[in-house]
Structure formats: C-alpha cells, structure tokens
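Here the chain labels run A, B and C in written order, and each chain numbers its own residues starting at 1.
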Amino acid sequence: MFSEMLKNLREKRPLVHCITNYVTVNDCANILLACGGSPIMADDSSEVEEITSICGGLDINIGTLNKNTITSMFLAGKKANELNHPVVLDPVGAGASTLRTNTAKELIEKVKFTVIRGNISEIKTLALGSGRTKGVDADIADAVTEENIADVMKFAKNFARETKAIIAITGAIDIVCDAEKAYIIRNGHPMMSMITGSGCMLTALITAYITANQEKHLEATAAAVAAMGLCGELAYKKFEENNAGNSTYRNYLIDEIYKLRGEKLDEAAKVEVR
Amino acid sequence: MFSEMLKNLREKRPLVHCITNYVTVNDCANILLACGGSPIMADDSSEVEEITSICGGLDINIGTLNKNTITSMFLAGKKANELNHPVVLDPVGAGASTLRTNTAKELIEKVKFTVIRGNISEIKTLALGSGRTKGVDADIADAVTEENIADVMKFAKNFARETKAIIAITGAIDIVCDAEKAYIIRNGHPMMSMITGSGCMLTALITAYITANQEKHLEATAAAVAAMGLCGELAYKKFEENNAGNSTYRNYLIDEIYKLRGEKLDEAAKVEVR
Amino acid sequence: MFSEMLKNLREKRPLVHCITNYVTVNDCANILLACGGSPIMADDSSEVEEITSICGGLDINIGTLNKNTITSMFLAGKKANELNHPVVLDPVGAGASTLRTNTAKELIEKVKFTVIRGNISEIKTLALGSGRTKGVDADIADAVTEENIADVMKFAKNFARETKAIIAITGAIDIVCDAEKAYIIRNGHPMMSMITGSGCMLTALITAYITANQEKHLEATAAAVAAMGLCGELAYKKFEENNAGNSTYRNYLIDEIYKLRGEKLDEAAKVEVR
C-alpha cells in the first residue's frame, strides 16, 4: 500500500526542483528533506532548464509569481516534459488575480502536468474558466462535503480527462483522481489551515512521492496527501499536549513527516477508492 | 477596551495584502493567521492593484525593496487609497540607504498612510529630513526613555499632523499617536530584539487590527502594539521555563498571538493615554 | 582560544550585510542575532554599496541568484574590498548549473574574498575548473574521510594559495585553512544535513566571527565552524530527548548558538591543527 511509496521515496532520495514562492519556501525545503527527498530552489531563467535536468521532478508554485519567474516556469516545465520528469502545478491564488489565473491556465496549456494540486476554488477557477474565485460557478460548492462529494469527484475526473493530469483537490476532504479512478482521503485537521504553507508543502511532498514512484503516480499522489493529513493529525496531538500555537504547530507538522513510518501510514490512512 | 478590537478581528477575519520583505515574510503570514486575519503576499506590478482590491487592508514593508517591488508599492498604495482601504507603512532601514530613505519619503508623499510604524531612528529619519540614521537630529534621543518621552511624543504628534497618519514608534517604550492623542505602551520584552522580524510582524498585526476596526484606527493600532508586547512577555516566560533560544522564542511569540484572549489583553496591557 | 573569538563577537555586535538566498534567509538572520551579530539583508543594486559601507562584513551567498542580485554581488563585493571589510562567499550549488559555476568563478576573480565556504563538491568545482558537480576530478573524493583527509587538505591549501582566501570545506569532517595552516574540526552531527540552510547559516556565522576578529581571520573561521558543529551536537541531544523532527531541530540548532558560552566552546571543540 502507501508504505511502499514512502519506502521508495526514502531509498531513492529524489532531487526535486522547486520554482516556488518566497513565503513558504523554507518550509517546502524542510518538508522535502523530512520526507526523504532533496530540494533545489532555482528560478532564474538562465539556469532553470539545467537545474531541472539534474533533478528527478519539478514543482511549479505560483504563490509569488513575477515576470521573471513566470518565464522560468515555462522554460523549466517544457524541459521537464522533454525529459519525461514528473511536473506538479500548485496554482496558488488562481482566481484572485488575472495574472494568476492566466498564468496557471497558460501553464496547463503549454506544459503537461503530472499532477495539479489546489483547493476547490483554485481548481474550479481553472476548470470552469471563471476569472475570479468569487465568481466561479455555484453549481459546485466551494467546500467539499459529504453531500456534494459525488459531484465534485465527477467534476475532478472531467478536469483530469481534459488536462491529462492527476487532479488533487485538498481541503477538509481530499480528492485525488485521474479520469477513471478517485481516492477520497479523510485525514487531516482544521489546524492545518491556521498556518501558512500547508498547501505548498503538500505540493512539494507530492512531487517527491511521484518522483520516487514513477510507475504509480496516482497512488503516490494519494499516499502523499494521506501522509500530510495524517501528520496534521499527529502534530495536533502534540500541539494539544504542549498548549502550543500555530507557529509551533508548523514545526510539529514537518517533524511528523520526518518521523512518519510506513506501517503507521498504512494503518492510519483513511482512504476510500471510487 | 482592546478586547473589543481583538474580537472584531477574529470575527471579521480580514484579508491583508502584504508587499513585504523576503526575510520575515513567513513569520508575517503566520502571525496574521495567528491573530485571526488572512494573508496574501503579492508584489508583481501587474497584479498588486487587483490583489489589493480583493483585500481589506495593505501592509507595505520596504525591508528588501527593489526596483520592481517599489513600483508595486506605489501602485498598490494608490489603489488602496482609492478604495479607502487602510494602508500601513513599515519604513525598514530608512536612514540606512538613500534608496530606503527616498522611497519611504516618496511613498509618504504619494500615498495616504493610515499608520506609519517604525523604530525611533527610522521615524526620525523620515520626519527630520536627514538621509542617514547616523546623521539625525540629536535633540531627540535615539531611544525612547522615561526622561525624553514627552519630547518624543510631541515630535510624534507633529509628524502625525504633517502626514495625517497615525505614528507608531516602537521600542522599549512604545508610542502610538495621532496629532491629538497618544497612547504610551509599556509592554514588551528585550528578547524581542533578539529575533528578526518582530517589527515586521507588528506592522502586519497592526494592519489586521485596523482593517477589522475601521472606525477606531488609533485605538486598534494601540491594541495591536499592546498585544504584541504582551505576547512578547508571555513568550519570554515559556522561553525561560524551557531554557530555549531565540529561534524557539520566535515560535513562542507567534504562538502567544494565536492563544491570546481578549480578557488577558485588557488585563495585562500597560497603557497610558496622554 | 575560540572563546576569545566569541567574546569579541558578543562585545562588538558587528553589522553583517547579507546578499543571500530567499530559502534560508530568515534562519541566517536569526543565527546572526543568536551569535551576537546584527543582520541587514539588501540586494538591490542601487543600495548595496551604501549598505555594505555601513556594515562591518559582507556575506555573498548564490543560493537563489538571479540577474539582478548577481550585479549586486559584484558591486557590494568590490565596495567591501575598497573598505577593507571581510567578505565571505558561499558558492551554493556551484557545479549544479553553468550560471552558478561561472558566477562563483567570476566573483572569485573580481572580488577578493576573505573566506570561501562550501561543501567538497562545490569547492572542487571551483578549484578544478569542472563545470558540473558530477563531472569533477575523481582523484579527490566526494566526501572528506579520515583516509583522504591529507589529500583534501593539500588540495584546500593550494586553492587557498591561489585565491588568497581562507578555504572552509565543511561536511562530516571540516577543514579550514589558508595556504600554510589547516584546522581540522570533528564536531557536528549528521542531523545537520536533514535541515535546509545549515551551510548558509554557517557562512553567515563565519562572517560575523571574522568581522569581530579582524586580526585573526583564520582562527575566527575555525571558531565559527567548531561552534556550529558543537551546537549541532547539543541540538541533537535536545532533539532526542523531545522525540522531535527536523523542523524543531533547526530551531534547537539556532537556539544553541544563542546559548553557547565560550567555556563550553573551548572545552568541546574537537580541533586538530596541521
């Protein structure tokens, strides 16, 4: 099961190239080390193709995109495609500005992504063509709940078909699917939304998991999502015991990814396949 | 009293747009979440106006300014003024370089700030026209003490009159004033100067407090300053109990902002109004 | 011994200008405060010369270099040379891309560095003219071991002669040398490689130590390297006691630098001079 994915990750120690935002970049680097990967952050257009070539996987996160790094995202993404490296997109804030929405859409057009991970609003913005988070189609609710999960899953599978990417919609309930098969994951804790970067860190984690599990991208993505959720739960226990706050919770979360054993992951992952 | 300000903040969960430095940006994001706000960091000139439009308040921090982000600061500041959003300036290092001094001055000329928060040297540089921290008028001392506090307060009120902004001079003793009324706040702990970002975090916190308390900007600024100082004290207690160092102290400080209850703030704030 | 170096650092509280990467910049700032220094991060070409002029030392780290910051590195480096300020180079990822290798080499040609600190692969790339970490001369092994240490030391002394810089090669065993004399330091813990930034933080630490010990650059560099290694050991003890992970380990490491006393450093430094 998922433990095999984690085992491969720790054995292969994949090098992951991140073009990511400066808000959560340190946490992304530390969680990559925690899970068994190795991070390289590089975003200048004159080196990103070369850096991506020596890595195993590429994480593109548009959290603090700018003119220069956007150019680099396209260059690195295309090079990774050429080399058949897995590439993951985190469309942070798609819907919040035209720049973000358009950049994410153009990236999806010109780069073949292995996985696109976002919250429901970001994914809806990209899938339904709306330019603003506020303005997206109300037919698909803004939170994934037990009531609307069948609809969201159908929507996600359609978007997976269209983009040929694995879609990971994460929130209170997580959905990871390709066009055919969906994993519904019910791990996690609301405290994860009280720190910055839990989404960015998850995207980095997914990149590491799929880079180390080339034949099983869908299952590896689900494994990463379950691992993150589970570690969010474990971190919350320590948080409660120590009467901590959100900054210490962030450390605990990364710590748990570092300490996670495969057996624990298999045992505690709450996964349903539809 | 101040507890009402905190209550409003936690109920309204204002979205705060930060154009800030990459040194302390993660701490600023986490302290915004800790206090009850929600951060968005965006600094590309092609999106800042749009991002500021969907937010409630704007924090401009010149800590690692560069040609591109300076342009964005003016664009976002003017847009926020148009929309009547509160805007806070943190003139980090004004006086340390001509670029910083001139940028901060020009921002004050062209953008109407709700609050300007800095240490005494930065504020003196801006108010007295000196281009270097070293070269500012010696009549107003470089530290706020019980002896010179009346003079500093007068100086701060004058600068508030001139800029039409609330002035927050923070250090061992904090002064928050407009042209008429000053809050003198004696919370805080020297340990706060042993971490990077306590000033930047406070500026982010002020932005959240005033965004959630539109009718009471002066009192909300004072509440944020008192909250930060008080949490610095509470964090120091935990620091001592755990024989910690400055990195852990930083986590404790943000943690205390997360855990802060309004009653505690009212009870422990050391505030004098003059 | 080394305690004198630390004493000078805490008395003089040198201002250190860092042009560094955005991944670990916060940790670098906090470790500079922890050791007794004071950080300023600034990388815009229009202010770096001025900022470096008001500081005592300069740390150039190419970890996330880009077109704009490369220009700033040369400007600041030359200005620091003019003013006879110590300048330290951290050639992060030299060998991983042509941009990094060439930038590091050109910096070494045009700026006189007081210290160059890197891992063995980075230093080999710069010294032996190979453009890729993978492609460097196999005669000098990729890890410093008890078996090859004499060879690596000879290689390092040659590179020190050539560059007129102190060379610090850090890893499981650390070598700090000029053309004549080498310190071999056997402090440290493997856990240090499980966090991002231990190298960047060490470079910042070295800059602070040598800025406060102008007559004794070689010994001060060795002191910084021993201090970092020792604190890595002390942090590991706390890590084990608390069943922590790598994120908390990072905090403990900086905390130990904050708490380090000179006597402890003298007592626990494992140093051999050859």
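Heads up, the rule we're going with is that contacts are C-beta pairs under 8 Å (C-beta built on N, C-alpha and C of every residue); 3 or more make two chains touch, one makes a residue touch a chain.
This is a predicted model, so every value here is computed, not measured.
The rotation that brings the Cα trace of chain A onto that of chain C spans 120°, given to the nearest 5.
Residues touching across the chain A-chain B interface largely differ between the two copies, under half of the numbers being common to both. Work out the mean CA point of chain A and of chain B, and you get 33 Å between them. Residue positions of chain B touching 2 or more other chains, listed in rising order: 22, 26-27, 250-251. Those residues of chain A lying in contact with chain C across their complex are 22, 25-27, 29-30, 33-34, 39-44, 46-47, 50-51, 54, 68, 250-259.
Against chain A, in their complex, chain C makes its touches with residues 21-24, 26-27, 63-67, 93, 96-100, 134, 194-197, 243-248, 250-251.
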